[in-house]
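In this document, chain identifiers A, B, C and D correspond to the written order of the chains, with residue numbering beginning at 1 in each.
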Amino acid sequence: MGKGRLEAFSDGVLAIIITIMVLELKAPHGTGFDALGPLMPSFLSYVLSFVYVGIYWNNHHHLLHAAKSVSGAVLWANLHLLFWLSLLPFTTAWMGENHFEALPSAVYGFVLLMAALAYYLLQRLIMSTDGPDSLLKKAVGSDWKGKLSPVFYATGILTSFWQHWLAQALYVFVALMWLVPDRRIERAIKH
Amino acid sequence: MGKGRLEAFSDGVLAIIITIMVLELKAPHGTGFDALGPLMPSFLSYVLSFVYVGIYWNNHHHLLHAAKSVSGAVLWANLHLLFWLSLLPFTTAWMGENHFEALPSAVYGFVLLMAALAYYLLQRLIMSTDGPDSLLKKAVGSDWKGKLSPVFYATGILTSFWQHWLAQALYVFVALMWLVPDRRIERAIKH
Amino acid sequence: MGKGRLEAFSDGVLAIIITIMVLELKAPHGTGFDALGPLMPSFLSYVLSFVYVGIYWNNHHHLLHAAKSVSGAVLWANLHLLFWLSLLPFTTAWMGENHFEALPSAVYGFVLLMAALAYYLLQRLIMSTDGPDSLLKKAVGSDWKGKLSPVFYATGILTSFWQHWLAQALYVFVALMWLVPDRRIERAIKH
Amino acid sequence: MGKGRLEAFSDGVLAIIITIMVLELKAPHGTGFDALGPLMPSFLSYVLSFVYVGIYWNNHHHLLHAAKSVSGAVLWANLHLLFWLSLLPFTTAWMGENHFEALPSAVYGFVLLMAALAYYLLQRLIMSTDGPDSLLKKAVGSDWKGKLSPVFYATGILTSFWQHWLAQALYVFVALMWLVPDRRIERAIKH
């Protein structure tokens, strides 16, 4: 079975998620600088989520690129990942409108955590479908980023009830960690 | 005529349907656990509809994969299927916001029923376009799932006026029945 | 220059137009049959517009299929067509919510008229880009449907101020006229 | 690494941006000509932004067409461009609803300016990835349009606080300047 339509469908869903989040940035009624101020938390949430969806699209691109073929189970693992990412517009809006308060920040982290686990599951499934000499397996290697991220998200969820800015700092930190493009797969393909 | 654009357009529409449904999950004003509670029915409706669109995408993927070519009639049968699926965001929102009451649950089932019939029609049309040695025909076989589902939906519509949770149980059951990936087509292609 | 991205972008825009129109079907607050009644005009508008976008997608599919190559002018003529079609969700909502009153019906017809002229322009441009032995030219032939439709739309616009149901009847009639798939291009390719 | 998915994802995001902007054109409650009047500024904003997204799609199409390959940095430079363009629906709505007042007009220009800089950055990155005999480098040449546009946008931002119609005139002028399709790349490919 080809990878083409899986990529096309995922691209479509990710493109829509990344774009409809901006609909939560409602145009304010006033036209002064003071009308923009209250939008700041929503805007910052949007930027963070935009970067996260960008990271997922980027890594997904590399992941599928290195995959040899996809099975029925891979299709569903991919939909499972898209499900959690599809909740990002909701959690982004909730966190932004409520100025990063405790529970919205925790729920935001929870969705990130579930998406990370879904991505990990998808990666494992593709590896096992590809068999022992999986190009992806070599490329991913120890996958310390993939293993560290859920730990940070979980810490973020817990700290959001104590000091919510610490949770935000953790979410930003993980995003920056992934922003460095994943050259492992590019390298493995070249060799 | 190529299948490429039919697949691309269908992927686009399905990706949008699956994603805009989340716009009905409005971010609540409060930030406590009690603010999330009232969202539960809407969230559960969303999960069910997400799974259904996922199933349709999955089966559509297999269907087109096994099709040899598409005719003008197939294009319209496909649009007919997309029409019924495009009503899912509406019925999902209506059912969720009204806590699975009788009529919304019946209408939800009605749209599922019409989509199932549209899918069946599309399948038959592709088979007849492909002619006597259609790969799809062999792959689909007795198609007991495709024949059983409308019966369950119709039962769901009727029972929703009596015990609406029974209708929900039926819709969930059919979804689970289809979640098992359709290996028939994969197998037929391999042989 | 390739046709691939022009097709992909147009598919994306048409897929979004056809799907976001359903967002205007707001889930009613009540849960009885009487809550569905007021939605009927909006629902009927939606069906009509869904069919129209389906027709445009279908014909666009055939048009690009028969085109040999695309120029910069063709890209803009295509965007011009997409602009008028992008106004359909607005006119559909306005006409539906106001029970097919005079001005909304006229504006609905006006957008259909402009889209028809934009399609005609796009068709002419592709023909002239393809040169004297354009496959499209042979396929389109006398193009009586393309020439008749704007006349019907213009009549619809005028009659909507007099008897608005006559305008609706004309719009439905043109849609039915086009629903018959355009076999001319399929035939021309086979020969 | 292939260009295919980068093009597909960008097409998806641009198609959604260009289409969801129309959701800000809310169907008015009245049905007379006087109900359409107040929509005019929003409609004109929509037309301007539609043309801008069309220009970006067009130029992006040519840009990627001339690119030999894409690196991880190019993927992120592309997401950076899409980020600024994704803010267009917000600034379009804000400017339109407030009848082109000073600050909304300035913010509209600011987003155009940032998108122009992001495009310039993306172009430079593709050139440097392609190496010394980059086809794109020859095609782009002096790039006077790309260098002039930010100057006009910056002037627009400043003048919007003084005479806001001057800012609008500048934004329209730059759009017209770009509407002339960029034949440089088409020519360079032919030679």
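Just so we're on the same page, a residue touches a chain if its C-beta (ideal position, glycine included) is under 8 Å from a C-beta of that chain, and two chains touch if they have at least 3 such contacts.
Quick caveat: nothing in here was measured; it's all calculated off a predicted structure.
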item	value
Reference subunit A; chain at largest CA-centroid distance	C
Subunit D against subunit A, contact positions shared by both copies (same if over half, else different)	different
CA centroid of subunit B to CA centroid of subunit D, Å	37
Euclidean distance of C-alpha centroids - subunit B vs subunit C, Å	26
Subunit A, residues touching no fewer than two other chains	8, 12, 15-16, 20, 23
Of all residues in subunit D, those that touch subunit A in their complex	1-2, 5, 8-9, 12-13, 15-17, 20, 23-24, 72-73, 75-76, 79, 82-83, 86-87, 89-90, 93-94, 97-98, 101-104, 107
For the subunit B and subunit A complex, residues of the former touching the latter	7-8, 11-12, 14-16, 18-20, 22-23, 25, 27-28, 31-33, 35-36, 47, 50, 54, 57-58, 61, 65, 179, 181-183, 186
